[in-house]
Amino acid sequence: MVKVGIVGGTGYTGVELLRLLANHPQARVEVITSRSEEGIPVADMYPNLRGHHDITFTVPDVDRLAACDVVFFATPHGVAMSMAPELVERGVRVIDLGADFRIKDIELWEKWYNLKHTCPDLVAKAVYGLPELNRDQIKGAELIGCAGCYPTAVQLGYLPLLESKLVDHRRLIADCKSGASGAGRGASVGTLLCEASESVKAYGVPGHRHLPEIRQGLSGIAERPVGLTFSPHLMPMIRGIHATLYSVLKDPVGPDLQALFEERYRNEPFVDVMPAGSHPETRSVKGSNMCRISVHQPQGEDVVVVLSVIDNLVKGASGQAVQIMNLMFDLPERSGLEQVALMP
Amino acid sequence: MVKVGIVGGTGYTGVELLRLLANHPQARVEVITSRSEEGIPVADMYPNLRGHHDITFTVPDVDRLAACDVVFFATPHGVAMSMAPELVERGVRVIDLGADFRIKDIELWEKWYNLKHTCPDLVAKAVYGLPELNRDQIKGAELIGCAGCYPTAVQLGYLPLLESKLVDHRRLIADCKSGASGAGRGASVGTLLCEASESVKAYGVPGHRHLPEIRQGLSGIAERPVGLTFSPHLMPMIRGIHATLYSVLKDPVGPDLQALFEERYRNEPFVDVMPAGSHPETRSVKGSNMCRISVHQPQGEDVVVVLSVIDNLVKGASGQAVQIMNLMFDLPERSGLEQVALMP
Amino acid sequence: MVKVGIVGGTGYTGVELLRLLANHPQARVEVITSRSEEGIPVADMYPNLRGHHDITFTVPDVDRLAACDVVFFATPHGVAMSMAPELVERGVRVIDLGADFRIKDIELWEKWYNLKHTCPDLVAKAVYGLPELNRDQIKGAELIGCAGCYPTAVQLGYLPLLESKLVDHRRLIADCKSGASGAGRGASVGTLLCEASESVKAYGVPGHRHLPEIRQGLSGIAERPVGLTFSPHLMPMIRGIHATLYSVLKDPVGPDLQALFEERYRNEPFVDVMPAGSHPETRSVKGSNMCRISVHQPQGEDVVVVLSVIDNLVKGASGQAVQIMNLMFDLPERSGLEQVALMP
Amino acid sequence: MVKVGIVGGTGYTGVELLRLLANHPQARVEVITSRSEEGIPVADMYPNLRGHHDITFTVPDVDRLAACDVVFFATPHGVAMSMAPELVERGVRVIDLGADFRIKDIELWEKWYNLKHTCPDLVAKAVYGLPELNRDQIKGAELIGCAGCYPTAVQLGYLPLLESKLVDHRRLIADCKSGASGAGRGASVGTLLCEASESVKAYGVPGHRHLPEIRQGLSGIAERPVGLTFSPHLMPMIRGIHATLYSVLKDPVGPDLQALFEERYRNEPFVDVMPAGSHPETRSVKGSNMCRISVHQPQGEDVVVVLSVIDNLVKGASGQAVQIMNLMFDLPERSGLEQVALMP
């Protein structure tokens, strides 16, 4: 059994890790930390966990965490970089669901996150956590900076097009829609039911922290700097990301895009290329680790429209982290991730 | 492996059976029927099942169904009674999620369902499917009429109070709230998003088909005819039932109600008595087979208020049916039912 | 033109006053206060008001408020009682949408609100603001404590039954359902979209601040102390209250309840008794000042079920306050309150 | 008083016309037709209208309609073209909220609507109903084909950019999000609450009927054929359209886009250009006839992102139709359209 520690267990990605690990046959949560909830059983905070977990929040303690095989950070940015160095040194594998180890350009990171990075050396060693992109690197990694929620949906959607160099890498437009759980569990007026339901709005159009991460990822795939416009929108729902991805084909009469996508993802356990003509719904992945994708070339013209949906808390966060843990510990990749999405 | 057949697989209780059985370690769906969708893979209709089931809808055929160990009817009333007799005769165990075998008084059934019952003899043999009430009878049954969704939430909430004869059985008021999935997947104006979201209404206050079923159940528990007012309400959400149950204590200073409930349900795998003072949320059971209950005696007066929540499609329908199958085939009662509710 | 001041304009009842007064032909908002938003135009905070109001929040200032004809307090409890005495003394009429002047028994108020009342004498002079109950008193009042949202829905539903002494006043059960806007605009985890949507729960079953207010009102109507159980529930929607009201007829074969209700409310501009057999939906009053009511006697037994719906922010708060202002200033009672509810 | 007839009064645009006209000071609904609901008072179908309208549905009858000054068609395509010719001939002004008179190219219309057009001559005479584009033509028109919901939001967003020829007209991408009321009130599985809430999906990406209408409109504005990709998405909410509009500046350092938009719409009563940096929410126009727009140039690069929101049932349908009626009858343009959007 893999011994698991979780730092920051009170947020939505923390409770989602607990949900997924509750039925994981080869892993067991040994430590879960929260400064504010010390001594409280996790099931008191999240009654869905009653009968599934009987552990209690403790204050973060490196010694206790160091007794684990792997530690997940389900924390705001800035926390993982303060504790990861010691854990890595003591041989614990670290999976950060936050943003501290995603961006290789330290200056860029510091600009967008408005914070001094405290362990730039470790960033260089960290592996970006997106299995469909770099599964082999992940297997041997000591430290993972998991892909963000929007970045996962966007990169999986553009991957076959950019790898194959079929589209103009300078004209990418990602119009993304996310449920409110992406904003986390913090009390804030903007995500009150009365403010965010029965309405739709864009936000962060002038610039969003996931922009440099996506740009870095897509540029790596395209092997040259991409031009990207990224517009996130808040949806009146809890879970789900829908990325609508536009790009321009270099040659509109060339390729069989459906076959391209099917081929690229044939062996991926968590990417499902839908039949031609489909429009995936976010609810078809609600609670599951799947990404469902369809590809369109409307009216046979030169614009490709890729539709890519994930559950932001699963494939966009905690499920992806468990998938990565499975890879790191040589467990079956699907372990603990067999949940069927809830429909209706 | 238990070989499973499902009649009526296109509705919400049908797809929910498929979701639950996808990960059931000792059962496999062999046949699923739908007249309208013959030849269509179930995953084409419900994309959440892609990768989990690759079977195809067939027209209902008694011979094919008779090759199963158990057949679930996830059909409107009137269907099960037309096919169950032959299946039972051929040794197949039958679990009806509908209403055909729930009510023992045939005349009463015919009045509320406005239909001639075609196999009253079988009704007499059928066992009412509510494990917390009659687990032993269920184990040996050939034919089960599963408890309805409202009846499950209401009976589990009143059970300890009526068994112990602590409350006035003539003055029961069940104010119940259900998500829209209780109305099924049929196209109807009343449950369009535009009609049923952002609004609350009562319905069926003058009389609802679950009234005689609940009354029969509670009268059995109380060992005398109860007086019951039952008011269902439509909630602007997909899943969940919240029953708010009022009754009058014969002696307000007597009993420790919290202990009474905890004791009664101590060994029940799917009933969770919440700590004193709790208010269970329907989302704490979303997608899971749990019923969570709390009991209140406001201001120390003589009215008891029990709050009982279930997921109407799981403990109120398909999960309960799987729990019953487990009992009938001597499998672990929790098999296939370990899902943790989705929060948030 | 009636000159209007509003204290506490940033909450939901404040913005709702602004919405209603925007089109009021005989009133104009002259002052609106908010400590935190001083100097900010109201339309910056609430873009729906762009083009309708161009006034700016100011810090509360008694002199400026004293230049108004009427001042609304759309504030948490405790604020109005600190400013009302001086305003009343200076001849300004005061309408408090909060709870400071609703409860006559000061000790009781202090117990439930956990605060020392600073002007008990004024409570004695204040008139309870529920026009259907005491229109004439309101007309001449200097100070109004407006009925709360739940209390409005509950009292309007029970009024004809208790006035006519047809029901047992000792056995009243009010099962109430409210949209999340009743909790106000403060940032809190419990009313985040991710916590409160797709779920239903009761709260405050052991005791809620509206209980003593409702009990006082119903006891006044019944002319004797009533016995009341009050269970509020949080609904996954923004606006609306649905009160389901149970009581026991002294004589089940006696009265024509439909006629009783129609007669009682025949001349009320904002109470609509629905046709017999109806189930009013909260959306039928969304954004409007109407209360819609229907009355049932299920199965002809002795329990009466009254269904009463309002928009908690309109008839349950700001609309009622405007109706009261109209009465106080001898304006047509419907002025500014002609909005048709939004369906769908 | 303008005498108004409405053909097809049972759908969402019909009831919305009734809501808006209920408080219109210079118009009165004299006739409302519905084959299926003949003899039923409109308030029986839409209880929000109780107390506001006491007319009754009648079967469509040209003579009765011909006695009106103006007839609105709130009908599916194909209905207006069958009745409009006679009405126009008899001097009645006709405002079609449907699609029969929007597209000038009859062949194109017949292809997308899969129907033979029965009065192509009238199409030539019809005026496209979008006041911000062609107010003067509307004033004198006999027959109006009102702009569709998506086309209104998209054209108002692109108008200043295309008129000024600042952007590449060949690379327009309109990513649009609509509430479910856009699908109408017909019973259909796809817009059940259980199917459409808590989920987001695109639809019609290969081709949607509003595509040729938008393309015709934008090409007219640009004075050359535009290249347009149009992706509609279904939102889990009732009302609202959010259009996110992408285009490429010919010269990224040139123009002050904020000033361009403010100048263009300075005198428009129903277009509100938000302050620079804003992200309009659909709820800020819920129930009102406003279109709110903001314009962004992310990171100072060459892509312009315009955000344009309307209420699809008001500015996208019935409100626009009333605005057009006001223009045709020389009434104040805002008459009957002063509603403030409902927030929250």
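All chains are identified by letter, namely A, B, C and D, in their written order; residue positions are counted from 1 within each chain.
Here is the rule we go by: a contact is a pair of C-beta atoms (placed from the backbone, for glycine too) under 8 Å apart; a residue touches a chain by one contact, two chains touch by 3 or more.
For each chain, UniProt lists the protein as follows: A, B, C, D = N-acetyl-gamma-glutamyl-phosphate reductase.
All values reported here derive from a predicted model rather than from experimental measurement.
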item	value
Maximum centroid distance from chain C, chain identifier (CA atoms)	A
Pair exhibiting more inter-chain C-beta contacts, B-D or A-B	A-B
Inter-chain centre distance, chain A versus chain D - centres from mean C-alpha coordinates, in Å	39
Centroid distance [mean C-alpha coordinates] between chain D and chain B, Å	45
Where chain A and chain B are represented by their mean Cα positions, the distance between them in whole Å	36
Sites on chain B at which at least two other chains make contact	12, 181, 185, 194-195, 197-198, 236-239, 280-281, 283, 286, 344
Residue ranges of chain A touching chain B (in the complex, touch as defined)	12, 15, 19, 22-23, 46-52, 181, 185, 198, 238-239, 272, 274, 280-281, 283-288, 290, 292, 313, 338-344
Chain C to chain B touching residues, read off their complex	171, 173, 175, 177, 194-195, 197-203, 205-207, 227, 229-231, 233, 235-240, 242, 244, 246, 248, 277, 279-283, 286, 296, 298-299, 301, 303, 305, 307, 309, 344
Residue ranges of chain B touching chain D (in the complex, touch as defined)	12, 179-181, 185-189, 191-198, 236-238
